[in-house]
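Got some structures for you, see below.
What follows is a pair of complexes built around chain A, which joins chain B in one and chain C in the other.
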Partner chain A sequence: MNTINSISNQKLRWRVFNDKLFSIVMMTLAFISAVPLISILYQLIKKGYKQVRLSFFIEVAPDTMEAMMAKVNHEIIPGGIANGIVGTLIIVGMASLIAIPLGLTTGIYLSESSKNKMANIVRFVVDMLQGVPSIVLGVIAYIWVVKPITSGFSALAGSVALSIMMLPSIIRSTEETLKMIPPTLKEAALSLGVPYYKTVLKVLLPTGMSGISTGIILGISRIAGETAPLMLTALGSSAINLDITQPSSAIPLLVWEFYNDPNLVNLIWGASLILLLIIFLLNIVAKAISKKWKVQY
Partner chain B sequence: MESTILNKTDDKIIQIESPILNIDKLSVSYGGDKYSIMDVSAGIQKNKITAIMGPSGCGKSTLLRAINRMHELYPDTHHKGSITLAGENIYKINPIELRRKIGMVFQRPNPFPTMSIYDNVIAAYKLNGIKLKKSEKDEIVERSLREVGLWDETKDALHKKGTFLSGGQQQRLCIARALAYKPEVILLDEPTSALDPIATAKIEDLLVNLKKNYTIILVTHNMGQAARISDHSMFMYLGELVEYGKTKKMFTTPKDERTEAYLTGKFG
Partner chain C sequence: MKSEKLFQYFLKLGGIIVLMVAIGILVTLIIGSIPTFKEFGFGFIFSSNWNPTEGRESYGALPFIIGTIVTSILALVLTFPFALSIALFLGEYFKKGRISSLLKTMIDLLAGIPSVVYGLWGFYTIRPIIVELGLNAQGFGIFTSAFVLAIMIIPYASSISAEVINMVPSQLKEAAYSLGATRFEVVKHVIIPNAGSGIFAGFILAFGRAIGETMAVTMLIGNSNNIPTNLFDIGNTMASLIANQFGEAEGLKYTSLVAMGLLLFVITGILNLIGKMVMRKFTA
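Let's look at the complex of A and B:
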């Protein structure tokens, strides 16, 4: 039975071997790409877990003298990152307040008038915006807000910089989600005599809610860790600040400050750990929402 | 000479006495000088099922959509001629108001996926922000679901999502949704083309029952369906209304050779 179509045993074994080799190489490379994240988490937990106590969340950052004393006495550095946590919440919260309505309406506009010339220009600009370095956005917010509006560094200026940064992700995810909704749903609503704006707000938006909110949360998680634009805008503050026209701290700013102070440098691990966990949490929430609110057409 | 030609065309298009809808020399274009339907004139009789047949691209959906102005969703449409609903020019009525009087059901079942069965039925009220008492809502939901024969199947699951129903049930839900506002006319655009034969038969029975209270216009590419349930039939070809008459008469003795060719399966 040695026809031209039959495969010899040796060749067959070679093929099976190749198959196995390929799967093993794939698995190894996939594992390697997961290593950095795992090792980052390991490092942060190993070096930072001692710092993360209740006081770490409710006390403000220590000054360099307190930290030095603790270091001399071989104690854990006192204080925490409460000023950073509150600052991040306020700055990111306000950035979301600015960016979400703006991003949603722009996304709706782009998906509803997809072939329009104006829409094409907006879409192009939004894509460009995505690539603008974050430090440049800091400079812009400095010129727009720090100088003329708050006449000094402020949380508001930080929010403006971050809101510009999160706009593209909200706009594009809104546009893409709405485009996936079958046009017959829109027709169904319009054929019931529902005005166009109500069709968009009450039918299309709820139907796309899962994709849109995922985009928003990923946008938030992207800006929560931003440092560079805040250096030029929010600047930092050693106390908890609730006034948006005043300089404010943020967790990534604290990490930078700790790094620059030899007495405080050990605090960077705990602070980074908390920042990373917040961003993880946001990502997990985003995944859960996209799964739970998924709409079946 | 001229009058005989006129008589000949008149012969192919029946005259309806006191029609609820009157289409008068209607031409619709999706842009430019190319018209998807040309010079269509026809009256639609109240409480009857009128079927619109023809090969794909003949303009049957365009004609249907022109009746509740859904064709205007495309950006560059324009039209000539007019349609009157109970004597009123529909192009002078606000489309939002018009569509509440002329309901529509689409090719694929399209219940609102975020809404329950209950909310889907009263969607027209809900989305338009019309406040109703709980008892009024209950009454509308039950009446509409009974009208489409879906009440017994869904009365215990009214608060489940409409998308959990089978395709045929979903389509009946969409009909119930269109009926909830008590429209005068219901337009159906190939409502059974995505359904299996059993679900199709149920919808056909349902439509025959519904004509007591509503005027029904049905686009179908299924000649059998038109023959089974419609009272009047239109045959359209290349944007022209070729023949319009009583269904039984048209299927047995078509007057135009194109109608005959279509009905005998020579094209389409």
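Let's look at the complex of A and C:
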């Protein structure tokens, strides 16, 4: 500061002032983004924690009448979101069963044929798929599955929509991770006479496991909260449904149903809280995996 | 040797299936929307009349195209100062350390919140504020949804921008510092011009996200079939219309909604490709 004063250059002072001002404004703006996050979390926890008890996990969603009676008698609305939890597990589980094998093979293919025309086309397509709005995938699953295969809304249709949605992130993370593995590792295996497929399955995949599984878990967390495509495919169900050709509920679908029913509207907070906890948990697991099993050579 | 080839074919098969899925999506949407384009031609895109009344059926996408574009652009404008600040914070000012990892965690959490929960928050927290301010009697509308959308796309816009800002060569920055530039001047004259195209790509990708966003918008925009007249008016977006009306749609209405899906697919696809292409040039 002394030198600045001694120079007493008006312009220099102005420049330094601008610099300080900019840093302050920038940091303020950056941390203002925390306000909505805190507000959302506060709202969910404050209004939702009371509903989260054991019965919330093992009972199915109440119907409007039950909820209205409870409301009139000033009781806590009975029931829970068991149908949604089971539905989400089934739909997301099936989506993963479809997307993970396909995503892994495609990811390996892309990393193994980096400068090949076909691979470039596939890469282009994966980029495009990543941006497709989820609602469009809902329309697609409706046309592909709901109408011809299950002739009605079904959990399977929901899984198809969600599996397309998680494919790009699995493919990309597999490709990126495998590309980072030094070629010497692969060459060492091949030079020992290990067949190519065994090199991929027993050397490359295990080495890249952490990056790949992080991508898969992030993909799952991305689809777990999806509502829009499920509205056109799985539809929702008031009972626990294990038959994948029948309509099924899911936690985000339940939130949407509760929101639209004045008698059930209080349940949105508990259901949203559980949904958010599941997603955050998946994110934490993904981070922990990528930190703990970072590829080391 | 045979198993070798077989395995390579197997891997290739994965790529081919993914390719088929993408082509299948496009073809399905085109076939599904043929009746609509046969009936209305390109009038479907330019007509502003959405009328499902039997006998006088008419489907025009214009109000929803305008609603989508206005909402998304407004969201982008609102998100810009915040996302850019976060990007500079993480990419230049605080690359490491506790405070930057706190901000990063925050952004990750924002990205993880499902659309429907954002919708609830907008409905119960933002809407009353809009009513209080007297901007809209019910608190629904373009502005309310754009506001919530702006928060939803912060993670997309800021994380890519932070990455490219981080990639600006340090020699360039050091050269500017050695000439006596302040940090702000380095940001303004070195970082932004150098990372500009990458930042642009990040915002394009975020724009694509905003266009396709469904639930939060459906819950907040007011769902009207008219062209909005001002930023606080109610309206509707393409994605939100599909979510609202697909369930009971049949005949021309159904094909028109599929056509809407096709438009969405094409628009977001193009935006995404532009973004990725700019990004790739940047990293290559």
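Going forward, the second predicted complex is superposed on the first by the 267 of 297 C-alpha atoms of A that agree within 3 Å, B and C clash if a C-alpha of one lies under 4 Å from a C-alpha of the other, contacts with A are read in each partner's own complex, and residues count from 1 in each chain.
As a working rule, contacts are C-beta pairs under 8 Å (C-beta built on N, C-alpha and C of every residue); 3 or more make two chains touch, one makes a residue touch a chain.
Just so we're clear, the structure is a prediction, and the values are computed from it rather than from any experiment.
Engineer: State whether A:K202 touches chain B only (first), chain C only (second), both chains, or neither.
Structural biologist: first
Engineer: In the superposed arrangement, does A:L110 touch chain B (first), chain C (second), both or neither?
Structural biologist: Touch partner of A:L110: chain C, not chain B.
Engineer: So in the superposed three-chain picture, is A:F56 touching just chain B, just chain C, both, or none of them (first/second/both/neither)?
Structural biologist: Neither: A:F56 stays clear of chain B and chain C.
Engineer: Now for A:L192: first (chain B), second (chain C), both, or neither, which partner does it touch?
Structural biologist: Touch status of A:L192: first partner only.
Engineer: Which chain, chain B or chain C, is in touch with more residues of chain A?
Structural biologist: C
Engineer: Does any part of chain A touch chain B in one structure and chain C in the other, and if so which residues?
Structural biologist: In the superposed arrangement, which is not itself an observed complex, chain A uses residues 195 for both chain B and chain C.
Engineer: Spell out the part of chain A that touches chain C in their complex, as residue ranges.
Structural biologist: By the definition above, chain A touches chain C via 15-16, 18-19, 22-23, 25-34, 36-37, 39-40, 43-44, 102, 104-106, 108-110, 112, 118-119, 121-122, 124-140, 142-144, 164, 167, 171, 195-197, 200, 221, 224-228, 231-232, 252, 255-256, 259, 268, 272, 275-276, 279-280, 283.
Engineer: Write out the stretch or stretches of chain B touching chain A in their complex.
Structural biologist: Residue list for chain B touching chain A: 68, 70, 73, 96-100, 103-104, 106-108, 110-114, 123-124, 126-129, 161, 163, 174, 177-178, 181.
Engineer: Given the complex with chain B, which residues does chain A contribute to the contact?
Structural biologist: Against chain B, the touching part of chain A is residues 182, 184-185, 187-195, 198-199, 202-203, 206-207, 209, 295-297.
Engineer: What residues on chain C touch chain A, complex-wise?
Structural biologist: Chain C reaches chain A through residues 3-4, 7-8, 10-15, 17-19, 21-22, 24-25, 28-29, 32, 81-82, 85-86, 88-89, 93, 103, 106-110, 112-121, 123-125, 151, 154, 182-185, 187, 205, 208-209, 211-215, 218-219, 239, 242-243, 246-247, 257-258, 261, 264-265, 268-269, 271-273, 275-276.
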